Amino acid sequence: MFEFTILVIVISAFLTLYRMVKGPTIYDRILTANIIGTKTVVVIVLAGFVFKSPQFFIDIALVYVLINFILVLAFLKYVEKGRLD
Amino acid sequence: MTEHFPVLVIIIPLVLALIAPVAGRLNKIYSWAIALLATLFSFITSMLLLHQVMYNGTISYWMGGWEPPWGIEYVLDYLSAFVLVIVTFLAVAVTIFARHSVTNEIDDNKIPAFYGVYLLFIVGLMGMIVTGDIFNLYVFLEISSLTGYALVAMGKRRKAPLAGFRYLVIGTVGATFILLGIGYLYIATGTLNMADLGARLPGLFNSKLVITAFAFFAIGFSIKIALFPLHTWLPDAYTYAPSAVSALMASTGTKVGAYSFIRIIFTVFGVKVFLNQWVSVPYFFLIIASVAMLVGSILAIAQTNIKKMLAYSSVSQIGYIMLGVFLMNPIGLQGGLLHIFNHALMKCALFLSVGCIAYKTGISNINDLKGLGFKKPYAMAAFTIGALSMIGIPLTVGFVSKWYLALGSLENGMWYLIPVIVISSILMLVYFWRVIDNIYFKAGEPNDVAKIPATPASMIIPTIIVAALCLVFGTLAFIPVSITEKAALLLLG
Amino acid sequence: MMEFILAKYNYWIYVIIMMIGFYAVISKSNLIKKIIGLSIFQTSVFLLFISIGKVDGGTVPIYQGTEAVYINPLPHVLILTAIVVGVSVTAVAFALVVNIYREFGTIEENAILEMIKHDD
Amino acid sequence: MDVVTSVKPLYAILISLIAVGLILAFPRKPTFREFFTVISALVTFVMVLSMLPWILQGGILEYHIITVLPGLNIALQVDALGMVFALTASFLWLVTSFYTIGYMRSHYPKDYTGRSVDRFFAFFLIAMTSAIGTAFAGNLFTLYIFYEILTLCTYPLVAYDKTQEALYGAQKYLIHLLGTSLLFFLPAMFLTYYYTGTLDFSTSGILAGNAPDIVLVVTFILFIAGIAKAALMPFHAWLPAAMVAPTPVSALLHAVAVVKAGVFTIIRVVLFIFGADLVQGLNLGYYLAYFAAFTIIVASLIALRQDNLKRRLAYSTISQLSYTILGVALLTPSAITGSVLHLVIHAFGKITLFFAAGAIYVASGKTEISQMNGIGKKMPFTMAAFTIGALSMISIPPAAGFLSKWYLTMGAVEANQLALVAVLALSSLLNAAYFLPIVYRAFLKPVENGEKVKMKEAPAFMVGGLMITAIAVLCLFFAPSVFLELARMIVAAM
Amino acid sequence: MADLVLLFFLIVCAVAAVVQKELLNSVIILSIYSLIMAVVWVRLGAVDVAITEAAVGAGISTVLFIAVLTRVKRREELTRIRLQILPLIVVLAVGLTLIYGTLDMPDFGSPAAVTNTHVVPRYLEKGVEETGTDNYVAGILASYRGYDTLGETTVIFTAGLCVVLLLRSNKKRL
């Protein structure tokens, strides 16, 4: 059951790759990154259930979410201002 | 205290490397003093270690008290103690040299950080020498490589950062190949300790995993030691690095790489497999080494920049070392090990003397050396000694190792290697003579020569000492010979 | 045959990724691209190591009783170190690229080589 | 045979090195420099002489300095052969010192107080050290080292004038000598070491029975090719090229130090490394002899065509050196005696000729033979000495050259090599053909019209030097007993 | 199955990152690549490594990339798009060697592989009592192979120092 769910989510994430490769704007790509990030968070939690010890996976998911968020912010800020500070 | 020397020899400089940049903020001389202190400490400790090894045999130090293969082991035997002494000694010499040379070539605000990186480079090399764990080797390899990239990029010429970057790219590829090799060996044996690997590998030599692992080690280390045809990073790196860095890297960097390669070949894989199963591997490398010896020398002849010439000459010298290693007999291996020692001394002397000339003048072209023989007699005398030693005139160190390499070749019945050694020496004669001729026997523009500033004693003295050692150990050759003899027998089991 | 291929699928994929990264490293002229290639190249090797550690039916290497089957933790340890090393290399490479850009105003290797052809 | 450990040979070598240190320590002081040069040459000669009685009693002196590698020692040994060379070299050095002082004073008056002349004398003395060292080398390794030092320290002497031509000649000199010694001599030495484990000289040779024949032949060829200082064709080109050097240096190169070191080394190798029996057994001696004969004839023919006096002397040297090699290659007692004698006698004769050439150059600036009409009347002493030297080369009594040629011819007869006897005869004729015209021109042809250059004898130091050597050539004819005795001992030891 | 898709995902990302002309796009794609790689590692049970990769590989490294992009030109110059032969041969040679070596590898995930039977069992049996931590990875990292970790921190320090050294402005360059 978990495996199947993971598969579905991964495939749906895979589909977003189209926008990543094609673009056309930078925002499409950033959005793709964001979507893939959110989807994989779910995958990680589900993977925890596959290993029957979800407690070890929740914190990864949290770190993951944070990183993803920061990344998107960084990208956007760079695109917007051309620098990070 | 004494029993912790194997680790202290590395940890103390490591800690001092952290302090050096901070102390340098107070006064930049402090960071140099700390670097000198650290290298001196390592040198003295490694002498003690060598002494200990000679009287008590191999030292095995278990990091954190975990016995190998579970924990990391430090091994000091004849070979590693010997190489450690070479590296630390030359580090001391170059550090003394560095004081004025670095002030001259590098911005004041960078000097504290420079000495930190400089020390870390030495720490990385020492770690590579002492460790008995193959993954630990990789970590230290990366420390020395990373610092190496940065140090090369510190040169004054505008090409220096590019040289550093190219070195970084190819160096990282090499290191990653070594990591791949480690991975494949791990898959095949399940262990990372060199001695344990050596014990578990026999019997696995038909495994494609092990063959591949060796292939990747070979490529990776060939890159690291700049064995032809993977030498492309070396000439630029040595040429554009600051004088002190060129001297340090040329005399220790590739040597330690060669040492690690020797460790992998003899301690991990063991000589038997090359003699019985993979017989074509030594032949292959002998060909490569011969080609390196000749091509390196020929390319050196074509250079007009003296540092570049020395760099290409290093390429050919690496060929000598590998020739000795892959002869796979005690005498030949001894020749290879001797050449590690000898070439370190000679190249250090040469690069230091070139550094002395370049001090405040930036002279790097061979044609600009005209008339300098009497303006800078000591530096040029050191250069001449180094050059004669490279050519292999008797009573210099270069002769000793070539003698052993030739003996080793005949021992294997490979008489055709002797012409290669001889011709390569003749080629060296050609390119070194061009320089010496310019130095002593051509008159320079009197105005130019008069304008050349004096070189500080702190640069001249280490240069002279290292050059003098080329003669001392060429005459008292039995000292390195007896140590390498034991080391070679140890490696060949 | 198919079974043989499937039994090691992680390994085949890692080889492919490694080749992509390596190709970028040696063929791209843009220095940043080279670094990107280097990153891909290195992570592919990490993938190999992590794949070595996999044990069928094993659980994450965190103590859950003596009977449990664990995934081999040693490669994980090695890779933790290697990742940090990889990023450090990248950082130094960046610093060099910035230096090169300051010097030459471009990060295309071919263009730079063209510029310095006449330096010695 | 009594073997005694003695430091004397080491002292003999070190004395001139001390003088080098002193000269460099007190730069720009001509008097000091001259004093040290002469004194060190004198002391060295006395030192060598003091060892002579012991050697004549059949003793040998040894001194072991250091072991570089197992079997590779640096050691000194004085035996009869070494004594011959050392005696010749140190005596002629003393004479050359005087001559050099005169030459340098008058030829480089401006530089004479400068550092460059200091360096000239320093290298000159190092060359002496290495020549004596070559003579006293106790094994092939030591011999090789001194041989190389000799090459290296004479290079600056050849290049001394720093003109384009001088630099070119010096480069050729160096590349030939250093190149061949690294390319052939060193590998040959290496092969010897590999098969025997030692490089010590032995009167019966060390290689016999230790290596396959093919290796022996290769080693022999490598040795002969590697010792380019002996100027066997085709490795002779450095000698005429080195003619650009100041004349004392030419005298040094062509009569005493360099070429004799080469011939000496060949004798050492043939007799003490291979051993007479082995060389004969492999028939190598005859090949070498014919090779030498070829050089004798061809070099003489080339000498005929030279107009430059020094060049003619150079080709004459090439030819004469091969006499010595011929003698040692024949391996009969008389031939070896002749060979050893020729080593000495040619040195005296040739140095006289060079001194004369230098004196003519200093006094008149003339270098070409065709300009030398009537010169004998202006410079009677110089040309008289030249005549004596030339007679010695042609081997007409009472010049000493006759003696050595006599023994060589005897040797050739003993060896049943009548062709070689013919070669020796032909060579004498050729010698006459290229030396006598010079004498004729100098004494009998009138001075060319319109030439009003005032000529007189060269400085006293120079004329004195060349007179001494000329007289020595005559003395050797009448009293060769010391050298004959030494030669006899060499033959007896075999 | 999902793993295969993820791995395929990686390949697509790697190719895209290399091919993209706009460097920012490459960087974004590379960050996605890293995130996916972390997920693959999670699926392989390497939780600690996955965290590190997400934080270091995807996070820090990407930020560094952006930081560099702020200082240099953002576009790869349009050189003629064609495969270079020599690099391709080299790459293929290396790839084939690796595949050759892989042929003899124990099957993926096989518990009988020597890697799982030689050194590791001791870590798993005694690790908890010897190191006092439940997390084997942390235990080995900090204790058995603590020295590697020291090396690792040294590497970080080294890199930092190198960057400081390199980014100080150059006055003395010729």
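A, B, C, D and E label the chains in the order they appear, each numbered from 1.
Rule of thumb we're sticking to: a residue touches a chain if its C-beta (ideal position, glycine included) is under 8 Å from a C-beta of that chain, and two chains touch if they have at least 3 such contacts.
Since the model is a prediction, treat every value here as computed from it, not as a measurement.
Peer 1: Using the touch definition up top, find the fewest steps from chain A to chain B.
Peer 2: Each step joins two touching chains, and the minimum needed here is 2.
Peer 1: Listed by label, which chains are in contact with chain D and with chain E?
Peer 2: Both chain D and chain E are touched by B, going by the contact rule given at the top.
Peer 1: Taking each chain's centre as the mean of its C-alpha atoms, which one ends up farthest from the centre of chain C?
Peer 2: Centroid comparison gives D as the farthest chain from chain C.
Peer 1: Which chains share more C-beta contacts than any other pair?
Peer 2: The chain pair sharing the largest number of C-beta contacts is C-E.
Peer 1: Just to be sure I understand: the centre of a chain is the mean of its C-alpha atoms, right? Then which chain's centre is nearest the mean of all of them?
Peer 2: Answer for the innermost chain: B.
Peer 1: In angstrom, rounded to a whole number, how far apart do the mean CA points of chain B and chain D lie?
Peer 2: Centres of chain B and chain D (C-alpha means) sit 45 Å apart.
Peer 1: In angstrom, rounded to a whole number, how far apart do the mean CA points of chain A and chain C lie?
Peer 2: 20
Peer 1: How big is the gap, in whole Å, between where the Cα atoms of chain A centre and where those of chain E centre?
Peer 2: Computed value for the inter-centroid distance: 18 Å.
Peer 1: Between chain B and chain C, what's the gap in Å when you average each chain's C-alpha atoms?
Peer 2: About 28 Å separates the centre of chain B from that of chain C.
Peer 1: Which residue numbers or ranges of chain B touch two or more of the other chains?
Peer 2: Correct list: 135, 139, 142, 146, 149-150, 153, 157-158, 161, 180, 186-187, 192.
Peer 1: Could you check chain A for residues that touch two or more other chains and list them?
Peer 2: Residues 51, 56 of chain A touch two or more partner chains.
Peer 1: Can you list every residue of chain E that touches 2 or more other chains, as numbers and ranges?
Peer 2: 8, 45, 47, 67, 69, 98, 102, 105, 113, 115-116, 119-120, 123, 145, 148, 151-152, 155, 158-159, 162, 166, 170, 173
Peer 1: State which pairs of chains touch, listing all of them.
Peer 2: Inter-chain contacts occur between A-C, A-E, B-C, B-D, B-E, C-E.
Peer 1: Would you mind writing out the residues of chain B in touch with chain E in their complex?
Peer 2: 14, 18, 21, 63-64, 66, 69-72, 105-107, 109-110, 113-114, 116-117, 120, 123, 127, 135-136, 139-140, 142-143, 146-147, 149-150, 153-154, 156-158, 160-161, 180, 184, 186-192, 196, 200, 207-209, 211-213, 215-216, 362
Peer 1: Considering only the defined contacts, which chain A positions touch chain E in the complex?
Peer 2: Touching chain E: residues 3, 6-7, 10-11, 13-14, 17, 20-21, 23, 26, 29-30, 32-33, 36-37, 40, 43-44, 47, 51, 56-57, 59-60, 63-64, 67-68, 70-71, 74-75, 78-79, 82-84 of chain A.
Peer 1: Using the touch definition from the top, list the residues of chain C that touch chain B in their complex.
Peer 2: Interface residues on the chain C side: 22, 25-26, 31, 34, 38, 41-42, 45, 48-49, 52, 74-75, 78, 81-82, 85, 88-89, 92-93, 95-97, 99-100, 103-104, 109, 112, 116, 119-120.
Peer 1: Sort out for me which residues of chain E touch chain A in the complex.
Peer 2: These residues of chain E touch chain A: 1-2, 5-6, 8-9, 12-13, 16, 22, 24-25, 28-29, 31-32, 35-36, 38-39, 42-43, 45, 47, 50-51, 54-55, 58-59, 62-63, 66-67, 69-70.
Peer 1: Quick one: in the complex, what on chain B touches chain D?
Peer 2: Its residues touching chain D are 374, 391-395, 400, 403, 406-407, 410, 418-419, 422-423, 425-426, 429, 433, 437, 440-443, 474-478, 481.
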